[in-house]
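Structures follow.
Same chain, two partners: subunit A is paired with subunit B first, then with subunit C.
Our next item is the complex of A and B:
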């Protein structure tokens, strides 16, 4: 910043160089907004005109008032404002003249009032955020917490407000349609925001990932299936594939079988709730925290030193040699799988236990009266009746097995042949190999989709039975 | 219902729907009304106006009252974060600028994503020169020669560091802190032979390991970065056995891993592992920070520990035996191996770059490169300044490290940090694999060659 510009500006504002530019932009907006508002005023919509002009003047004033707080980016507001102006012009061109001709004295149509209210909310939100941020800053000192609290308040109040405005507006618009068309159009308008978010956050990224997987590292050359070729030929990814198979079989198998055993046995004891709680508690621990806990469990020390790892302490106390669970290739994958099972058995147990509870007690009693042993009751009555629940739990676990990431990343980072597909995707991303990372993601997606589809179908069938 | 009425209804519907669509579309672009600090604030008004400041750095920021804030991301946490905060405290006081520091271990991921999305801090500690060069080529980094006084910086910084921060003729990274690698730490109460200046003597002493259970202490565990201490070993062998030319070609991807030079370095490292406390299993399972503990145990576990200068600042003092610098631990620089490459040294440093050109960021950058600022960090112990005007160190060990850096005839940056991320990660993994299975060196090196052919593609 040169000395001249420093002098030209008020000395105490701590000016940003781009501030002027932005304020000019806001002034332009006010200039566009004002005639549009004035035009509406002229047409007889006094309320609309006043609202319009006031909104823009307020916006411009607020922009100047809060110019020290340049953190909030005002560009999106301009986008909204321009859209508003264009919308107004379209309305003026198509709709308003008809209304004006029919009844020039008519008050502002309700949908427009609401539209303005919604837009005003969108306008005012960031300004409010800034204002609240300033207030909180004044209260809490120079801390970002204030801003975050303000942000939270606005999110909690503002988002439902905007959605409410949207729904009300949709209903007002629908009034102009015949009933047949109302019925045809209403669900789509109600769904529109949801579909919009679904498209933005699910459909488009999926499409983008698939497309990206067909391009090279830089993303500008089409390479066909080269990234997939790499995936199925690189030793690292093949090890990852093998490990995912291990995860699929052992993680799913152990957690479902243990969950089933625990659920069945606990169903027959008096302290059932306490026992179930104990098994369920690890569910509340994040994978990364569980990994840290188990790293301590698995700690290895030289044979002559004190064993600080719980498991090795036990092994040595029993006269064995300490085992490095993390780096010994024949067991490390199972050591990692055990951590995941420890976390997830509780989940399997709870779902299966609910399934067991839903079986009619009289069926079991009848079997027992007929002389069935407990094993026969379990094998011939409970198990077949539980089959749909077991299927849902198993497929859910299969999906978790396929997308395993946290435990491997936190415990070994894929070293010592413990890599898995999801971690490989992350690694390729961190190597700036976006094409390969996308290809891994697509493979993972392709593996998960059929399981997912089966899972949902099974779940629906189970719901129907109930 | 007549035709004209339903037509009118139709038109009203079309009009309102189009408004709705526009609003939704506008809101769609609205996701970022509250972009986080430093978000998309790119500036244009400042082009061409170069700050003449930097000459008068005694007052941080030239003593101007600026206000506002500057966001900084770095890898420092704990004691290092405290040191950084102490370093910027006088700056904040003098300029009124608030420094918003965020420490993250995942700086590479955070900044990579930021370079793609545009959401970046004003200043950041960069993961390494390799990654820095990639970002500079994408135009994400500000040319610092327009920010700091370039001539003063060149004068006060070793040419190696200036060169490492320069990409395509632009200075995009500066060093505010340095570390010397390839130091051999010992406990003077156990190893009484003092500083050695011949590698053969070191090997002889380690092989005899008189008074200790083994010659070396090695620890490779470091979370997701496990293996890096071994890469330091290998780099130190490459530069001392085969010289800077091989070293440069190697990290640039032009010298194969299967070559005799690199193989010799791996094998020399393998000999140290074979003569280390607890053997390869200990090396794999032990955290690099804790690995030196057997130096101080009774009976001593090992004679020597190969690690960078930062051990003196953050790790040794926190051991349960609370060893004292000079009395309980001391070091000598890993001696020359091939006399053709006398005085070769490797090291590393914390690179700092600028993503958003704001007056506050400029002022902070000017402060950070100044000797006054760097003295603050150095005074807290364990760190070496990148600025050669900083000559006062709080303890003899730091002083000795700084002198070693100043004395180095050939200085090279940590090679693995200069390699592309994929090569670096493969190198870490290779060290772990080799430590575990020395017999598989052939296939490990062949695999590294394969990664090399792939990773440098750009």
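Our next item is the complex of A and C:
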């Protein structure tokens, strides 16, 4: 830390602070965070003050939300609160020499006042907590739902504020480093929360799953490739594997082709936006709800009865025999794939439609003037120019086809030979067969790795253009 | 010559009509499943069981709100609706908050391994969630939060982060660098640049990200099943609904109403904010 960098630190607002009388009252207010007096610009105190207040509120909410097990579980939060105060103390202690020099820009140190504030905080906090707790009880009620809503409020207020407080703190600490070191250290501190989540929730578990797939059910005996042997030899998982191939080919093929047709057709009419919305809306519907909707399309009744399912009613009206779409083994996989297509064609359409729009209209007009038919315009001009977009859509669909779960779970739960890999993973997981479940997951990852490699290559190429 | 032009025009006109006809058929194919189910949700149990929904369109009309009343009060859908909200709101806000700081660092700070790290993020975009379930479940169990909302929030934060980072970093990176350079010359700290410039300028990307994450968490079944599985009081609507589909017994005709209760919120959000959703899709997919 050099004196120069300290001096060069500019105030956050433009106005020059004057030397002014520091009454104990103003000083205290400034210190606990109210923007008063010459210290208006000193973000540290304001932020710390807001953080104190927010910590109070969150603590009160937390106490309310977890009423039964307050004291023991709140050690971490107390630690954080104390750490905030201590950090503030340290920051202020650093500024003492400047305050002694009567530097007008020196932050307010007032160690005694801070000590007083800490003491006041410690004594006032429980009272404040109880007062706020009473307010929350009045607002949310004391039942389970009320407590959980309180928990939600803690999470949605607390996390952004903690992150904000974290960055403010980081920047404060960094001010004591030289420019060069600031630039070296800052990115990592800003990345830290994100990298923490990526590591804890994606990277580390991926490693853990690969490891676990080589162990037995309880996870303590190394069994080599036994779980994989089971996967590639049991009839149920082989059916799942076969069905995923069906999904890969037919789901990807149908949704990309239909998406392309729909996008090209809609591009030629004036009510394009309305039409696109109609096809796009299923994207907002959960697969479970889509399954319910299609259950009613696929309803089957015996041939003599009144057909209440839309599709069978049409088939019978056309003179056919009613089809049991769900349990007929040659058809049911395609029935499920159709549901997924109904949802995902909208996605393909939107992406491909944007691709079509980015093609120069004059190019198409020129071709038409030269006597090209609409089919030729599509086949010879639009299609080749769309190839990269089609590739992107196709890879997305391939990944989805491999991961497909919800529709099969909701419509057949894997019965009648409709099992898929992701559902098999869930079954093994729910039987506590963690070794087998891990092996199934690794098979899924292995199937996705080529797509991942392709994506990364595309991304690199894109970055070179940037 | 003239007749040829007229003929071409007539052919063109027939082509136009054929085009409109094909589009109309496509739209009907897309609307019929939803409309049929919607109509069924307003009918009585006997009508749903023995009669196709299309017959309800002819008089005598006999519509009722009985299914909705039943579903909201007696099938646990009311509680599940609140659970879905409790899961979804933090599950949307937390990942975006975490991602925005890191995305800014990726976009505007220089540090070693920046590109390697971001390539890893791009790779993590497609890692199947199944790869994480077993170790995370064990982790949550050891931490004593298995089956709680906290576990699901954390899981959704981790799972949503690669896409959020990818989208936000690309968007922030495409902001004009002159803005940040002049801010730095005027003495703005990185914090000021982030809060006063990068974040407000990224509002469109943040909006599409929020819609995405909201729809994904609200409609999620798998993550909820894995991490809330045995804890029935915490089940969101997707699990309750899936449970109803599989228990075909006497509850069959309530399914329709239950499905529409589950759909109502995401479809409304989607229809209102479709533009942001589509632009998010394009930013996320075309560039990948």
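FYI, the second predicted complex is superposed on the first by the 311 of 466 C-alpha atoms of A that agree within 3 Å, B and C clash if a C-alpha of one lies under 4 Å from a C-alpha of the other, contacts with A are read in each partner's own complex, and residues count from 1 in each chain.
By our rule, a residue touches a chain if its C-beta (ideal position, glycine included) is under 8 Å from a C-beta of that chain, and two chains touch if they have at least 3 such contacts.
All figures in this text were calculated on a predicted structure; none of them were measured in a lab.
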Subunit B versus subunit C as contact partner of A:327, first or second or both or neither: first
First (subunit B), second (subunit C), both or neither touched by A:425: second
Contacts of A:302 with subunit B and subunit C, given as first, second, both or neither: first
Partner chain in contact with A:409 - subunit B first, subunit C second, else both or neither: both
Touched subunit A residues, subunit B compared with subunit C: C
Which superposed partner A:354 touches (first subunit B, second subunit C, both, neither): second
Which superposed partner A:200 touches (first subunit B, second subunit C, both, neither): both
Partner chain in contact with A:265 - subunit B first, subunit C second, else both or neither: second
Partner chain in contact with A:363 - subunit B first, subunit C second, else both or neither: neither
First (subunit B), second (subunit C), both or neither touched by A:178: first
Footprint overlap on subunit A, comparing subunit B with subunit C: 12, 144, 151, 193, 200, 409-410, 413, 429-430
Residue ranges of subunit A touching subunit C (in the complex, touch as defined): 10, 12, 144-145, 148-149, 151-152, 155-156, 159-160, 163, 167-168, 171, 183-184, 186-188, 190-191, 193-195, 197-198, 200-206, 208-209, 212, 262, 265-266, 268-269, 275, 277-289, 291-297, 306-310, 313, 342, 347, 350-351, 354-355, 374, 389, 392-393, 396, 399, 402-403, 405-406, 409-411, 413, 422, 425-426, 429-430, 434, 437-438, 440-442, 444-445, 448, 451-452, 455-456, 458-460, 462-463, 466
In the complex with subunit B, residue positions of subunit A that touch it: 1-2, 5-6, 11-14, 16-18, 20-21, 68, 70-73, 75-77, 79-80, 82-84, 86-87, 90-91, 94-95, 98, 111, 115, 118-119, 122, 125-126, 129, 142, 144, 151, 162, 169-170, 173, 176-178, 181, 189, 192-193, 196, 200, 217-218, 235, 299-302, 324, 326-327, 409-410, 413, 415-416, 427, 429-433
In the complex with subunit A, residue positions of subunit B that touch it: 1, 6, 8-20, 22-46, 49, 51, 64-69, 96, 98, 100, 108-109, 112, 134, 223-227, 277-278, 281-282, 284-285, 358-359, 420-422, 425, 429, 432, 436, 447, 455, 457-458
For the subunit C and subunit A complex, residues of the former touching the latter: 15, 19-20, 22-23, 26-27, 30-34, 36-37, 40, 48-54, 79, 82-83, 85-86, 89-90, 93-95, 97-99, 101-106, 109-111, 114-115, 117, 119, 121-139, 149-150, 153-155, 157-159, 161-162, 165, 173, 187, 189-192, 194, 215, 218-222, 225-226, 229, 233, 238, 241-242, 245-246, 255-256, 258-260, 262-263, 266-267, 269-271, 274, 277-278, 281-282, 285-288
